[in-house]
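Per-chain residue numbering starts at 1, and chain names A, B, C and D are given in the order in which the chains are listed.
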Amino acid sequence: MITLNSALIVTAILFSLSLIGLVLNRHNLIVLLMCVELMLLAVNTNFIIFSHFLNDLAGQVFVFFILAVAAAEAAIGLAILILIFRKQKTINVSELNTLKG
Amino acid sequence: MFNFTLILPELFVLCMVCVVMLVDLFVEQRQQVLTYALTQLTLVGAAILTLCIYCIPTTANFSGLTVHDHLGSVLKLAIYITSFFVFLYSRNYFRQQNMGKGEPYLLGLCSILGMMVLVSAHNFLTLYLGLELMSLPIYALTALQRDKEQALEAAIKYFILGALASALLLYGLSMIYGASGSLDITQVANVIGANSTQHPLIFVFGLVFVVAGLAFKIGLVPFHMWLPDVYTGAPNAATLFLAVAPKVAVIGMTIRLLVECLPGLQVQWQELLIVISVLSMILGNFVAIVQTNIKRMLAYSTIAHGGYILLGFIAGTAAGYSAALFYTLAYAIMSLGAFGIITLLSKQGFDVETIEDLQGLNDRNPWLAFMMMLLLFSMAGLPPTIGFFAKLSLIEALVSTHFVWLACIAMLVAVIGVYYYLRVIKVMYFDKPLDNKPFSLAWDAKMAITINGLAILYFGIFPGALITLCQQLFWSGTMLN
Amino acid sequence: MQLLLTAILLPPLLGAILAGIFGTIIGRVASHRVTVLGVLISFICSCIIFKNFILDHQSTQNIIAYTWGTSGAFQFNVGFLIDNLTATMLMVVTSVSLLVHVYSIGYMRGDAGYQRFFSYISLFTFAMLMLITANNFFQLFFGWEAVGLVSYLLIGFWFTREPANFGSLKAFIVNRVSDVGFILGIGGVITLFGTVDFLPVLAQAPKVAASLPTISLFAGTSWSIITVICILLFIGAMGKSAQMPLHIWLPESMEGPTPISALIHAATMVTAGVYMVARLSPLYELSASALTFILVIGATTALFTGILGVVQNDIKRVIAYSTLSQLGYMVAALGASAFAAGIFHLVTHAAFKALLFLAAGSVILALHHEQDMRKMGGLRRYLPLTYSCFLVGALALAAIPPFSGFYSKDAIIEAVHLSTIHGASYAYVALMIGVFVTALYIFRAFFMTFHGSCSANSASQDNIRENGWVIWLPLVILAIASITIGMIVKHADALQLALHAFTSLPFWLAIAGIVTAWFCYVIRPAIPAMLANKFSWLYYILIKKYGFDDFNQIVFVRGTRALAQLLYNYGDQRLIDDGLVNGSGRLIQWISATLKRLQTGYIYNYALAMIIGVLALVLWQMLIA
Amino acid sequence: MTLLQFIFYVFSALMLLSAVGTIISRNPVHGALFLVVCFVASAGIWLMLQAEFLGLVLVLVYVGAVMTLFLFVVMMLNLDKLPSRAGFKKYWPFGILILLLLVGLMIYVVAPSHLSLASNAIAIPHPADYSNVQALGAVIYTQYVYAFEIAAVILLVAIIAAISLAFHAFHQDTKRQNISKQVQTTAAERLRLVKNMGKE
C-alpha cells in the first residue's frame, strides 16, 4: 500500500531536484528546458497522488491538460532555443547576459 | 449548465483568430492592413458583445469552469480597450521592424483570448489554462524580432523563468487541491472558510507557492528579475503589449485567487504581501534612479507600481480591493501611453532605448512631449492626474485599516520615485535634441495618444465614475460566493 | 437654478480663456467684446437672481453641483449657497465689473497688454463670483486665493515698472501672512465641526458653543475654540480687507491700472473679508471677544488711515486711503453686530468708490497719466462731466444726505453707538472723528484737482478734454447709483432720515470737514504748508504712515533676510544640502547601485532568487504557524 | 513491506536517480535519455496510482513525441563541444541545501498531525471492470469541454508560434521549392543539348 506521505515526499524530492538543476546548470540551455519538464512531472505526479487518495477524478483531468500545455510549451521553448543557436552559435547559459543591471 | 451566450465574446474572438489566420495566409504582404483592420474589428466586436451581456447577473457557467460577473466583464473591457490602443501604436513598428506579416496580430489575439479566459476563470484548471494561453503567445512575441540577440535573450529568460513560475503556481495549487479536495474556487473557499481558525499547514504551504507564482506574473520582488530584462530586450511593441493588458489580467487572477478563493487565509497572505510589496516598492524606485535605458527605467517603475497595487490587497477590505483595481486601471492607461510613445518614436532600424533618445522631444514634437509629461506626472502620482487619485485611494484604504506605517513607507518611496520621472521631463524639455528634424505622427496615432493623455487628466479631475465602478465590483452580492 | 448659476459663473471664465489664450488670434476688439459679453450675461442672470431673492423673497438655496472627491467621511463638493446676501453681492460684483469692463475699453486703449488685461479682469470676475456663491470653506478659499492671484497679476500689470512689481509682491506677501490665519481657521472648523459646508457648520455652532470647548494655546491659558476660530478667520479677512496692521499693501496696489483699483481694490475684492464675516455672522455672534477685536480693529483702521489720506498728494492714493478708512467702517459695523449695516455700506461704497476711482481715472487719462494733485487744479472748466461726477462721489463719501453714503454710514454709527460690548465707546469716538476726516481729505482732493488755478503747463491745456462715451457712461451710471441707492433701500423713511440728519452730530462734522477743506485749499492755500511746518513732527509721522512700512522694512524684510542668510549658510548649505539632500542623495545612489548589481543577467541567478524567495517565505510562514 | 510498496519504491528510486542523471549529465543526449527513463518510471508510478490512461499518455506523448523532439533538436544543434561541469562542482552543496530544506518542509507539512488526509484517506481500489479511459473521457468531453477547447487553442498557439519563429521564409539565402514554377516548366528548360566539341 502506497502511503500519501511517502508519495508526496518523493515528488517533493523530484521537484527540488529540478529546481537544483535550474540553478546549478550554467552551460546548457536545453537542460534547463528538461528541468522545466521535470518540474511539471513532479507537479503532475502530485495531482495524481491527490486524485488517487481523494477518489476524485478532477486531479487527473488537470494532469491531462498540464500535459497538453507542457507539450505546447516545449515546442515554443525549443523554437526560441533554435533561434538563439542560429544567431549566436551557442546555447551556453552563462553567455546570455547582455541584459543586466 | 452550458450557457453559450455568456461566453460569446470568447467564442467571437476565437472565430476571429481563425479568420485572421486564414486571411493572413492568403493576402499579399502589402495588403497587410487587412489583418490589422480585422484584429481591431475583433476587439471592437468583442467589446460590444461583452457590453451586451454585461447586465446578466452573476452566473457560473460550464459546470463552474468559468463565471460571468461584472468584475470579469470590466476587466475584459479594459483589456480590449488597452489592446486596441496597443495595436494602434505598434502597427507601424511591426511593419518597419519586419516582424512578420500577421503573426503579431494573431499571437496578440490569442493572448487576449487567454486573458479573457483568465479573468473570468472560476476553477484552477481554467485559471491555469488561461494563464498559459496568455503567456505563450507573449513568449513568441518577444522573440519575434528574430535578428536581435537581445530580444532572443529576453525571450528565453522570460520563457524559462515563466515556466518556473507556472510550475511553482501549479505546485501550490496541487497542495490546495489535495487539502481541499476540489479545484472549484467556490468550493475551495467553502472548505477553507469552514475551519477558519486553524488551517492545516498544507494550505499555508500551498499558498506561499501560489503567491510566488502570482508575484512573478505581476513582477514583484524577489520574483521580479525577469521583468527589467524582458522589458528592455523585447521589441518595443512587444514590451508595450506585455506591459499593459496582461497586467490587468493578472490582477484579475490575483483577485480571483486571493480574494474569492482564499479569503480564509487572508491573515497569511497579508503577511506575505506586505513583505513582497515593501521590497518591490523600495527596489523598484531605487534601482529605477540609476537607469539610463528608458524602457528599463519604466520596467523598474513597473515593479514599484506592482508593489503599490498590492497595498490594496493588504488592506483587505472592499475599499482596498477597489483601490487596487483602480490603481491597476490607472497604471494600464499610464504605461500604455508611456510605452506607446516609445514605440511610436522608434523608426526603422532605430529603437528608442536610452533616455537620451528623448532629448529635446519638446522641440521636435511639443504635443507628444506634453503627453509624455502628463503620463510621467501621473506615474509619479502628482495631481491633477489619475495617478494621484490612484495613490490617494490606496493610502486611504491602508490608513483606514490601520496600516499607517505602510502608508508612510509608500509615500516616502513615492517621493524618491518622483525624481527619476522628473529627470525624463527635464531631458525632454531642457536638453537640446540630437536630431533637429521635427517628428510627425500619423493622424490615428496622434489621436490615440491624445485620447490616452487626456484620459489621464480626465480621470484625474473626474475620477468619480471610475472609482464608483471599481467599488461596485466589490460590493457583497455581486460576487459568486 | 443650477443652470442660472452656470450662466453666471461660466461666461466670465470662458471670456477670460478666449481673451487670454486666443487673444492674439482674435484681436483686440474681439477680446473686449467676448469679455464684456460674458460679464453682461452674468449680470443679467444676477439680476434675475436678485429679483427672485430680494424682491420675491425666495428662500435660501443650497445646491451641490458635484462631488469633486472623497476622503474618508469627508467630501469635497462644489456647491452654491444662494440667499439674500449672495444675491446682493452678485449684483454688486457683476454690475461694477460690467461698468469697469466698458470703462476699460477706453482707458486701456493703446496698451500693449490689452487682451491680457481683459482676460485678467474677466478671470477676476469669475473668481469673485466663485467666492461669493460658495457653500463651503474650500470653495470660498479657492475663490479667495484666485482673486488674490488675479489681484497680484493686475497690480503688477505693468511689470516693467519697479513700483508695480514691488507693490504686487507686497500685496502677495501680506495676503499670504493673513492666509495663514485663514487656513488655520478652516482647519479649526474642520476639527470642531467635521465638515466644511457653511450650513451644517452654522447650524451646529450654537450647540457646540454651548458645550464651551476650550483650547490651550500656550501653557496655562485656556481659550474658547469658537473665539480662536473666529479670530483666525478674521485674520484672513484682515489681509483681504486691508485692516490695520495688514493694510499696507492696499496703497501700493494703486500701481495697477485705475479700472483695477476701482473694481478690485475698492468695490469688490477688498470687501471679501467683510462678506466672509457677514456670511459667518451666526458663528461670530457666539463670541463676544472676537466681536470686540473686530470692532476695535475696524474703528482704528477707519480713523487712522483716514488721517493719512489728508497728507497724500497722489489722487489715487487719497482714494485708496479713503477705501481703507471705509473698509474700517464696514468692519466696525460687523464688530457691532450690525451685519446688515456693514453690507449696506459695502454696497453703497462699491458704487461711490468705483465712481471716485473711475472719475480720478478719467482725470488721469485726460492729463496723460499724471496723478500728482499738485500739478492739477482748475480742471472744472475742462472736464465738467467728470467734475460733477466726482462731486457726487465725494458728497456720498462724506455722508451728506441724501446721497447713499449718508444712509449706510449713519446706520453704522448708530449701531456702534448702541453697541454695549467692550471697546464700543472708543469705536464710537473714532468713527465720529473719522467722519470729519473723511470729508476733509476727499474735499481736499476735490478742491486741489478741480478748483484753484490751473497748474498744468499751458501747452497741454488745450489737449485736456472729456474722454469718449465708454469712459463717461459708466461714470454717469455710477453717479446716479451713488445718489439713489440709499434712498431706494430706505425708501420708506428716506426723507425723514435725511431731515433728521440736520440735527445730528455726524452731519455737522462732515460739513465742518468740507468747510475746512474749502478754507485751506481754496481761500488760504498757504495754511497747509504752514501747518506742516509748525507740526513737522506730526506731518512726518503721517508722511511716514505711522512708520508701518519702515517698521516692516526694518524688522521683517531686513530681519527676514538676515535670518534667511543665516539659515541659508548654516541650515541649508551645511545641514540640508551637504548633510541631508546630498547625503541622502548619495545614500540612495549607493543603495541603487548596489541593488542594481544584483541584477546579474544570468538566468540561473534569477531562478535562484525566486527559489530562495519562495523557500524563505515558506520557512517564515511555517515557523510562525 | 508489501510488494506494491516495494515496486513503488523501485520506481521512485529509478525516477529520482534518472532525474539526477538528467541534471548532471554533460552531454544533452544523455540528459534527454535519462529524462526518458524518468518519464517511464513515473508512468509506472501513475499506473500504480490507478491513473492508467495518463500513464499511457505520458509514455506515448511525452516519451514518444516531446522527448523525440528534444532529441531531434539536440541532434540538429550539433553541439560538438561538451561543456564543463564547473558550476556544478562549485555549488552542489547549495543544491543539497535546497533539497533538504524543501523535503524537510514537506515532511513536516504532510506529517499526519498536520494533514488529516494523510492518516484517514484510503484510496478505494476500483473494480476490475472499471475503465479509467472511459471515466476520464466522460468528464473531459462534458464537464470539462470548455477547458478542452482552450487546450486546443493553446496547441494552435504552439503551432503558430513555432512556425512563425523557426520558419526561415524571410531570409534570402533560404533554399525553397517553387512548385508552380516547377510544374510550369517546359521541355526546353528541362533539357539542354550541348554539342560535344571534344571528340567526334
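Here is the rule we use: a residue touches a chain if its C-beta (ideal position, glycine included) is under 8 Å from a C-beta of that chain, and two chains touch if they have at least 3 such contacts.
Quick caveat: nothing in here was measured; it's all calculated off a predicted structure.
With contact taken as defined at the outset, chain B and chain C are each touched by A, D.
In this view the innermost chain, defined by its CA centroid being closest to the centroid of all protein CA atoms, is B. For the pair chain A and chain D, the distance between mean C-alpha positions equals 9 Å. For this pair, chain B with chain D, the centres built from the Cα atoms lie 31 Å apart. Averaging C-alpha coordinates per chain places the centre of chain A 26 Å away from that of chain B.
Spacing of chain C relative to chain D, judged by their CA centroids, is 82 angstrom.
Along chain A, residues 8, 15, 18-19, 22-26, 32-33, 49, 53-54, 61, 65, 69, 72-73, 76, 79-81, 83, 94, 96-101 each make contact with two or more other chains. Shown for chain B are the residues in touch with two or more other chains, namely 125, 129, 132, 136, 139-140, 143, 146, 156-157, 160, 164, 178, 201, 205, 228-229. Touching of two or more other chains is recorded for residues 596, 599, 601, 603-604, 607, 611, 618, 622 of chain C. Taken as a contact graph, the chains are fully connected, with every chain touching every other chain. The part of chain B that touches chain C in the complex is made up of residues 156-157, 160-161, 164-165, 168, 201, 204-205, 207-209, 211-212, 216, 221-223, 225-226, 228-229, 268, 271-272, 275, 283, 286-287, 289-290, 389, 392, 396, 400, 416, 463-464. Interface of chain D with chain B (complex): residues 105, 108-110, 114-117, 142-147, 149-151, 153-154, 156-158, 160-161, 164-165, 170.
Every residue of chain A that touches chain C in the complex is listed here, in rising order: 19, 22-26, 32, 93-94, 96-101. Touching chain B in their complex are the following residues of chain A: 8, 15, 18, 22, 29, 32-33, 36, 39-40, 42-43, 46-47, 49-50, 53-54, 56, 58-59, 61-62, 65-66, 69, 72-73, 76-77, 79-81, 83-84, 87-88, 96-101. Note for the complex: chain C touches chain D at residues 604, 611, 615, 618-619, 622.
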